[in-house]
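Two complexes follow with subunit A in common, the first pairing it with subunit B and the second with subunit C.
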Partner chain A sequence: MTVTICIGSSCHLKGSREIIQKLQELVCQNHLEEKVDLNGSFCTGNCVKGVCVTVDGELFSLKPEDTETFFEEKVLGRLG
Partner chain B sequence: MITNDATALRITHEVLYEVAKLAFSGELEEKRDELPFKMIPGPKAQFRCCIYKEREVIRQRIRLAEGKTPGNANNKNIVQVISSACEECPIARYVVTDNCQKCMGKACQQSCKFGAITMGRDRAYIDPSKCKECGKCSQACPYNAIADLMRPCKRSCPVDAISMEEETGIVKIDEKKCIQCGACIHSCPFGAIGARSFMVDIINLLRAGKRVVAMLAPATEGQFGPDITMSSWRTALKKLGFEDMVEVGLGGDLTAAAEAEEWAEAYKEGKKMTTSCCPAFVNMIKQHFPQLLENMSTTVSPMCAVSRMLKAKDPEIITVFIGPCIAKKSETLDLNIEGNADYALTFGEIRAMFRAKGVQLLPEPNDTQQASIFGKRFGNGGGVTAAVLECLKESGEDADGIKVMQCDGAAECRKALLLLKAGRLPADFIEGMACVGGCVGGPSRHKKEQEAKKDRDKLIGEADARQVHENLKLNVDLESFSMHRKH
Partner chain C sequence: MQVTVDVAYKSLNKFTEELCGDKVELLKTADSDIMILADGMGSGVKANILATLTSKILGNMFLNGATLEECVETIVQTLPVCQVRQVAYATFSILQVFHNGDAYLVEFDNPGCIFVRDGRLMEIPSNIRELEGKKINEYRFRVQRGDCFLLMSDGTIHAGVGMILNFGWDWKEIAEYAVKQYRLTVSASRMAAMMVKACDDLYLGRPGDDTTVACMRIIDRKVVNLLTGPPKKAEDDGQMVASFMEGEAKRIVCGGTSANIVSRVLGRKLKPTLDYVDPEIPPIAYIDGLELVTEGVLTLNRAVNLMKRYANDENINEKFFLELDKKNGGSMVAKMLIEDCTDLNLFVGKAINVAHQNPDLPFDLGIRQHLVEQLKVTAEKMGKTVTITYY
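Moving on, here comes the complex of A and B:
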């Protein structure tokens, strides 16, 4: 599973780095290093929806405080 | 520096400069669309068929400077084709030239296994639909009359990632194969390949008052003349709004020390290993030799080491690498590595930022040394090996018997990895450097290695002879962060 987080300046200012750090921790805690590939992406022009996070191509709009719920639903949930 | 692409480089730089200027003044959104008209006022075209094409090329270059893909298609590659700039050079690779004497020998015809060569009125003719591009005819001709017109971009690619769109003849890059080394960018005489940039993002973060620390590549010393020291860079970068600058040579010391421990252990076990500091080499292993991943050192790159060191002290810091490397941009996008640099810039991009703010690199005596000579030499071919062997020696390990295959450039890297894969590597370790000469030969270098060598030797010669471990004791809290990554 590929999870892509926008690291453009707009998303950065909305907290993308916090989201990245949380996701890195969560992947590590759940021992999913082999299953989840975390990638950064250049700005894709969806700044109003920032922070832009995609899971296998599907776009989600995320706030740092929503990261854990997102991880449970969209990452753990999908991995089954 | 004589290059293939001086004119294209000048235009690329002008675009970066204009975009940087608008980004610094906060007018990019508003004035972006006017830029192609400002830069190509017309009415006469300078390089291309017409001003409309020239403006389209500028428009696509602006998109690249902003980190977007030049066209509308979205993909993740750093290296991108500027489709409007691609001149669709001839597809037929082997062409018979005027040198052909239509001789009696006809070695060309005999050598062709595909029946592609016939005799025309004045010279031999190669039927492109039958030619398989094996090159036998070109080798066979006693007059050197058959030219190999392989596109320069395709020729430059070490991993065969470049091909042509069947219908249009425009170049395309296979994302799955491309290792982001950037060799093709400067091979194209039309400047039709470029790299996406984080420049505008970094300018925006500086303008937002974020605390950004620059990390300067070990390959930098000597690139900008004999008097531009690390202190010169620190001063100029602070004027630009960076909080501070740290030499990545220090990361070279860190990486060498950690890798020495790995090598010592692997050597005892008889396990062969490769370095992991060159991002294009790492990409080559990941994409082309995934079965060798377990042979790759888990030590992080010097860039990542310095970034982790800085973030361990102050988690709020944004770290930006500056150097001659394109592939570093792909390393920053790999978020499986924690604490790595947030962004990477090339020398060309930082120069555009300097120019946009009227900042100059000025001669200044160096006042702090952050790296040992070994760390500073990390950016030279063989530099990693020298630093790791030095560390082994400093720790009292017996390093005399260790054999290292130093791969100078991506082609040599590929050969060595093929040997390792086949179990026939005649060495214990591989030093992989995707650019010929090491980082100093990187695609975004300012000067060629030979042109910069004298100045580089002079500047590095001014550093004291401290040992690697001694330097680490002086400059780093080694307990505060990890030097390894998961595969």
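Moving on, here comes the complex of A and C:
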């Protein structure tokens, strides 16, 4: 599974760094390094909303405080 | 050979003095670059006046093509006479390097010029002429790419006298240290800063005399092309990237959308990293064949601030250079533009980023053009040639 987080100016100011740190921790805690590939991307052109995160091509819009819920639902949930 | 030079200097004031008694003048004529260092007798206001008069007279007269004899005569007749010592006195060194590679060194009573070529110390032959009762050494030679010259006031060779060294730092040891720094540094400013820092350390932070090092390095033209911002009209993407890729240059892209455009037009993959070296600056990215790819305005803002500090000479010491060596995008852009660039070409897109027009953001991102203007002014202040093309 590929998870891509936007690190462009706008997403940076909305907290992409916290989200990346949190996701790195969560991936590590759940021993998913082999299954989840975390990537950065520059502006994907959807910055009007929250921080842009895509999971296997599907776009989500996140706030730092939603990261854990997002991880449980969209990452753990999908990995089943 | 068309010669380009990188010049910079750094001074320490004698402990508790507000004014420096050493003065450096950096000048450009139509066909040469001139570096003059004058050291006024004594310290404080008097020394400052002597040094300033001497360097200004030499500079202005040289600029207007006067001979050395005329210059020295004018100085001797102009300088105010010291009431204590009954003499008018400032020592000086002049180095003039012509664009065709000819060089002319004049030295009067300062510690000898340190001349490093191919990592070795070069001897400057003695060729003394007496003018107005002053013994002046002259040397005419040719420079080569990579040559490095240091002019110094005697505060350098006195560093540490009676404190941690018996007789100060002698010329030979300074020259050896300079040869070492020559290998470790690229720019004139870093070289000057390192030499002066060593003197300050020997003085234990309390210089016993005004101390100045002026450095000139003979370098190649170094062109940097910097692209930032998407063009106003998307159909200009190709043209902008083509111009950006033209000629021999190091290339920087500042901006996420811009990086995507360059990546698409060139058909080369954009590879962002997730390394937050500095929490305030988004990580850098890579595109094959480009020197550096960074986020846009936050990074540029950091880089411009560092460059302004440098151009205004606000605390340019080894700490500043450590900041410059950091691996965040802002420092990396600033370092390349300060230390590795003589000509800067800016390719600036004027498109307005809709996402940046968001009042919820804690930082005004709509300031790209303003930043670019400041970048231009600052780089020009450092003596670099700057062009801007808007798209």
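Keep in mind that, in the parts below, the second predicted complex is superposed on the first by the 80 of 80 C-alpha atoms of A that agree within 3 Å, B and C clash if a C-alpha of one lies under 4 Å from a C-alpha of the other, contacts with A are read in each partner's own complex, and residues count from 1 in each chain.
The rule is short, and it goes like this: a residue touches a chain if its C-beta (ideal position, glycine included) is under 8 Å from a C-beta of that chain, and two chains touch if they have at least 3 such contacts.
What you are looking at is a predicted structure, and each value in this text was computed from that prediction instead of being measured.
Subunit B and subunit C, once both complexes are superposed via subunit A, clash. By the touch criterion defined above, A:R17 lies against subunit B and subunit C together after alignment on the C-alpha atoms of chain A.
Contacts of A:E33 after superposition: subunit B is touched, whereas subunit C is not reached.
Legend: residue contacts after superposition of the two complexes on their common chain; A:L76 is shown touching neither subunit B nor subunit C. Once the two complexes are overlaid on the shared chain, A:I7 sits against subunit B and subunit C alike. Once the two complexes are overlaid on the shared chain, A:V55 sits clear of subunit B and of subunit C alike. Touch criterion met: A:S41 reaches subunit B and subunit C at once. Subunit C runs into subunit B after superposition on chain A, and of the options 117-125, 351-359 or 423-431 the stretch responsible is 351-359.
Subunit A uses residues 5, 7-10, 12-13, 17, 20-21, 24, 38-43, 45 to touch subunit B in one structure and subunit C in the other. Subunit C contributes residues 256-257, 259-260, 270, 272-274, 276, 279, 282-283, 285, 295-298, 353-356, 358, 361-363, 365 to its touches with subunit A in the complex. Considering their complex, residues 66-68, 74, 76, 196, 198, 200-202, 204-205, 208, 210, 318, 332-336, 338, 342-343, 486 of subunit B touch subunit A.
Here subunit A touches subunit B in the complex through residues 5, 7-10, 12-13, 17, 20-21, 23-24, 33, 37-45, going by the rule given at the top. Contacts from subunit A toward subunit C in the complex involve residues 5-10, 12-14, 16-17, 20-21, 24, 38-43, 45, 47-48.
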